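In the part that follows, the structures are each spelled out as structure tokens.
Each of the next two complexes has subunit A plus one more chain, namely subunit B in the first and subunit C in the second.
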Partner chain A sequence: MMKNSRLANIGFQLAALVLALLFTTLILVATGAPPLEAYKNIILGSVSSLDKISNVLVTWVPLLLASAGLLITFSAGLWNIGMEGQITLGAIGTTWALRLMQDSSLPPALVIVLSILAGMVMGALWASLAGALKTFGGVNEIFGGLGLNFVATALTLWLIFGPWKRPGVGSMSGTEPFPEALWLPMFPDSRLSPWALVLAVVAIVIVYFMLQGTYFGLRLKAVGKNFRAAYMLGIPTWQYMMISFMLCGALAGAAGAVQVTAVYHRLIPSISSGYGYLGLLVAMLVNYQAAWAAPVALFFAALNIGSIQLPIILKLDSSLSGVLQGMLVLFVLMVEGVRQRLMRRS
Partner chain B sequence: MDTNTIIIGLAGVLVAAAPLLFAVIGETISERAGVTNLSMNGTILLSAMGGFAVAVTTDSILLGFLAGAGIGAAVALIVAFSSITLKQSQVAVGFVLALVTRDLSYFLGNPFMGLEGPRLPAWDIPLLADIPIIGPLFFQHDLMTYLSYVLILLAWLWIFRTRPGLMLQGIGERPAAAFVRGANVNLLRYFYTVLGGALVGLAGPLYSLSVKAGWKGTISGLDGIGWIALSITIFGGWNPARAAFGAYLFALLQWLGLVLQPSMPGVPSQVLQVAPFPLMILTLLLVNIGDAEWVGRTLAAMPEGARRFFTKLLRAMRASPPAALGVPFESD
Partner chain C sequence: MKVELHSIHKHFGKVHANDDITLNIPAGTIQGILGENGAGKSTLMKVLSGFIQADSGDILLDGKPIIIHSPADAIKHGIGMLHQDPLDFPPMRIVDNFILGAEGGLFPNRAVVVRDFKLLAEQYGFSIDPDSYVDALTVGERQQLEILRLLWLGARVLILDEPTTGISSSQKVKLFATLRKLAAEGKTMIFVSHKLEDVEALCHQAVVLRQGKLIGEMQKPFDPKKLVAMMFGKEISLGARQVAKPGEAILSLQHVSLEDVRLKIKDVSLEVHAGEVIGLAGMEGSGQGPFLRACAGLMRPVGGHVLLKGQDLTGKPYHAYKHHGVEFLPASRLEEGLVPGLTLTEHFILAEEPKGMFIDREYGRKLAEERIKSFNIKGTPVSTVESLSGGNQQRALLSLLNDPLSLVLIEHPTRGLDIESVIYIWSKLKDRCRQGAAILFISSDLEEVLQYSDRVLVFFSGKVSEPLDAAQTSVEQLGQLIGGRGWPEKQAV
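On to the complex of A and B.
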């Protein structure tokens, strides 16, 4: 029986995948584009060369960091949509620390580590704003977070065009790049840093064990599942919510720090690249199971990189990957609804 | 600034607020019935793109608006089906749809980027348009702006002054009681969610065929408006009149930002463009903070006069959502 229901579960998940593919295929057909050609380009665009594979991993790192953080807030029953802003503030914090220390006599390795830590602190502080609005102001974290996202974007633009502008005039291309000594060490001829990979993997492993095997994780889930009951049981609920916001913000900040130290080597206007929103989709898709976050994030990263080929080769917009990712989550939710309905019937 | 400039500016505020009004009142109706349609940000983008594409292809403004309403209704139907029939989280479904419809609008809108499209013509209302000051302020706009005035009144009357409106309040506040009184709660929720979605869907073409004419993909300047509209719905306390006030206030502040920009050369334009967002957080804070425990304690510690003033202020700002918002209803 148990085995049957597990098989059935996999069947339902597969059905959702098929439905999502069907939907995007219909969209492609409707626009007169060749669907198979489009899918082939997405797949080849993500795995056909070492360069492309490394680009997928470059995308995977911040996405996995974001997903890991969001697993914590989701466990506490919180919708941390302010993730984008927290990633951005992480990037700003890292850039700030690098600017402060780049002319100092400190060893570059120490400067990089301190800058990443600065990014994590800034991310955590920005997240605590959304947390404080929620716990002390009664402002739903969805709206507080969204507002703070837009504020973070404005802050970035102001820094790039104002105090941190390039010699001469500020431009959308970002701040002046940092000297190579302050970059995270890379694999040759790529933007992929082994250190960034390690950071992301360590983060998801820690989050996995924290949620599965610790008292803290258990109590956090209790807060998320039944806030009132957790409060009655004497769990300091608002403290737990604040901590989960700040842990998530710290991981978001790490994602932003990686974007600065390993990928762009400067602050650019859209430094968060939508990884916060995409991370929310990943966390929903894995149904808050940390073990699945790494492979699903990898799949999403591959879709993102693969779809870059669409405008180049087929003159299609690359947002198709977003449509496929979103529809996948939507159909997983709907299929889950159908499954629950069937179970209630039987 | 002379009087004429102010009148033209304020008239522009009324026009700019019109799409927001459709969106905010549509969402108010849907939430009154107990369903949050969180997809609004993407819905407005997709209906703006769809309405523009249809209007360009058919050269018919009317079809453009109908397409927008249809798209809004269709997205709302997915929200309704997933939350009412399949009992999935409205927040989850709505958020995913907000992202999907946004990406979909960019993908499908690609061939229509930067095309020259038809524009909603101005239509002065005879006689009324000639009244000094009042005429240029209210009656020298377009049909949709006039409809937006009417919509505020109609929605308010419907919700607070009619029997079906009372039922609408009932299914959002106490669905079980409404059920006992003979309401088909879930069917009504479907109806009002789709109706609200259609109204939200009208906001899109109103942007792409009038207020911000054209479709320019990611730089259309529409991304974010839906989230603001959602906040205004909360600020509006689920009352069309107060929501309309919020929408007008927002449009007014945006205009003021634009007017004041030249006098603040140190502030980059990008900063002023996002100024509404901290404002949005602040208003939500004002609306909600009265319920927080520590505020009650602080108030109690205040001297008599100050306490009375702040209590009154917070009570005036406060708004509570329909009690059954987001809660699925089962008749058995």
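On to the complex of A and C.
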């Protein structure tokens, strides 16, 4: 019985994948593009060379950090749409700390570690704003988070064109790059840092164990599944919601910090690169199960990188990967709804 | 309009909510429909007003059989229902509320509607400004608004579901006058209530429903004793009662006053002792719910003090009460008591104090097996709570109580449970009393209240009786009090 339903589950998930592919193919056909050629290019574009694989991993790191954080807020029943802003504030916090310490006599390794911590703190604080709006102001975290995202974007632009502008004139290309000594150490000829990889993997492992095996994780789930009953069981509910916001914000901040210290080495206008929203898709797609977050995030990262060369080769927009990712989430949710309806009937 | 119902049947799963109900109401009559909660009154009215369809049976208006598919259908036939909670749109203007229910073109003629409204309001002596917002109105005024709206839509049969709940006595006088006037115009009024005094004062004739069946009918003048007997007339089978020897004072209420949207409870004082069981009786919504919640810090009193073993906890949150050994078991188990999606084991772990950071799964499994056995829960450690039956959910809720306890507050401890579960759950609760806890519980089952309580508090429209000795009280007496009869004028504090 259990085994059957698990098999059926996998069947349903596969059906969703097939439907998503089918739908994306339809769009490709409708625009007159050769679908098979497009898929082939996406695959080749993500795995055909060491350089491309390393680019996939560069994308994977912030996406996995974001997904790990979102698993915590989803467990508490919260839709942390403010993720983008929290990543941005993490990047701002890290840039700020680097600027403060770049001319000091502190060892570079220490400066980098402190700057990443500063980014995590900033992310957590920004997330706590959305949390405070929710718990004390009665503002739904979706609206609060969305509003704070816009504020974060504005703040970045103001910093880049104002106080932190390049000598001479501010530019959309961002702030003045930091000296190489303040970069996270990289693999040769790539933007991939082993330290960033370690950070992301450690984060998802910690989140996995936290949600699976700790009192904190179980209580958080109780809060998310039934707020009132959790309160009756003696769980301090609003405190748990605040903590989950701050933990998620800290991981978002870490993603922003990695973007600054390992990828761009400066603050750029769209530093969050949509990883917050993409992380939401990953968390939904894995049905809030931490164990699946790493492979699914890797798959999404590969789609993103693979579609980069579509405009050059097929004159297709690279947003095709976004179409496929969105379709996947929609169909997985839809198939899940169908499955539940069928189960209720039987 | 003459309304006839012929052998209406309605099943909800195993429950026979309406069992062969036949009812004739001549035009111009005010018909009372009496019965306990769950007697089938609402079901019957929903059938007549089109919210649900009967399994079998006929509805005739002025002798002509009709079929009602929806509330909109019903109003076309001239049947309008006034719900206990007004079905209006509070943030909108009154005139817009009016227009919403009406059939009409794309652009409603507001001026005409306002004129009609003013005319109708004047005719029935209501003073409501059509341009004000609904949220500014009292419950009584919203009721008036709804009556006007139904009349405007052409209702000739009005169904009123517990219309005197939550309105002031002057509004009640006005409402009754309006209903009499409407009846005199030849319209048919159906008045659903559990309040005997209201039915006596207003209705021309009344029927009593019990467990889905029509038990009896009576014309004005009514014999209230007979009506009470029909409403609650079960065979009384009280077993040997266990009398507690009360110990130290656990809970003291000192001049506590409560307020919620519907009613006010004023100046209640009560001392509850260790080992004592106090039953709170009354029709649903008479004030016992807020009262019980106030004893747990889940509702803040507007006046007075709540003391637990001599310590003043007034205004403290529920967790402070819980810390002092108070547990509240809600009636809506899956909404407030248990967490759907989590297993029994996870619930037991959650209810315990955390030991360190990581959960000891092995310990959790043993704990679950032990509790499942001792509370006789039909389920496994990995069963999710929503997969359990109602009785087993209640057992699970009880098994989550920790030691030591000083006060247990329970809403409907055995509602919807089979007799075996009822006996089992009460034996577990009585164990708690022997260990020195006090119990307060709400029940609409009068037998249960008298059987298991040492003292009984009766609630009626926010009034609270003096504690009655359960051994000296009969089901009839209790029924009278619940129906609002036999309350001394002075006792209405």
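Note that in this section the second predicted complex is superposed on the first by the 346 of 346 C-alpha atoms of A that agree within 3 Å, B and C clash if a C-alpha of one lies under 4 Å from a C-alpha of the other, contacts with A are read in each partner's own complex, and residues count from 1 in each chain.
One rule holds in what follows: a contact is a pair of C-beta atoms (placed from the backbone, for glycine too) under 8 Å apart; a residue touches a chain by one contact, two chains touch by 3 or more.
Bear in mind the structure is a predicted one, so any value in this text is a computation, not a measurement.
After alignment on the shared subunit A, the placement of subunit B and subunit C results in a clash. When the shared chain is aligned, subunit C comes close enough to touch A:229, but subunit B does not. By the touch criterion defined above, A:292 reaches neither subunit B nor subunit C.
In the superposition on chain A, A:12 makes contact with neither subunit B nor subunit C. In the superposed model, A:218 lies in contact with subunit C only, and not with subunit B. In the overlay built on the shared chain, the residue A:31 is in contact with subunit B alone; subunit C does not reach it.
Of the two partner chains, subunit B is the only one touched by A:330; subunit C is not.
Touch criterion not met for A:195: it reaches neither subunit B nor subunit C. Contacts of A:137 after superposition: subunit B is touched, whereas subunit C is not reached. Of the two partner chains placed by superposition, A:39 touches none, neither subunit B nor subunit C.
Of the two partners subunit B and subunit C, more residues of subunit A are touched by B. Here subunit C runs into subunit B after the superposition, and of 6-14, 60-68, 78-86 or 96-104 the stretch doing so is 96-104.
Residue ranges on subunit A touching subunit C, taken from their complex, read 213-216, 218-219, 221-222, 225-226, 228-236.
In the complex of the two chains, the subunit C residues touching subunit A come out as 318-319, 322, 328, 330, 335-342, 346-347, 349-351, 354, 356-359, 361, 400.
Subunit B contributes residues 38, 78, 81-82, 85-89, 91-93, 95-97, 99-100, 102-104, 106-111, 217, 224, 227, 230-231, 234, 268, 270-271, 273-274, 277-278, 280-281, 284-285, 288-289, 291-292, 294 to its touches with subunit A in the complex.
Looking at the complex, you find that subunit A touches subunit B at residues 27, 30-31, 79, 81, 133, 136-140, 142-144, 146-148, 150-151, 153-154, 157-158, 161-162, 277, 280-281, 284, 315-317, 319-320, 322-323, 326-327, 329-330, 333-334, 336-338, 340-341.
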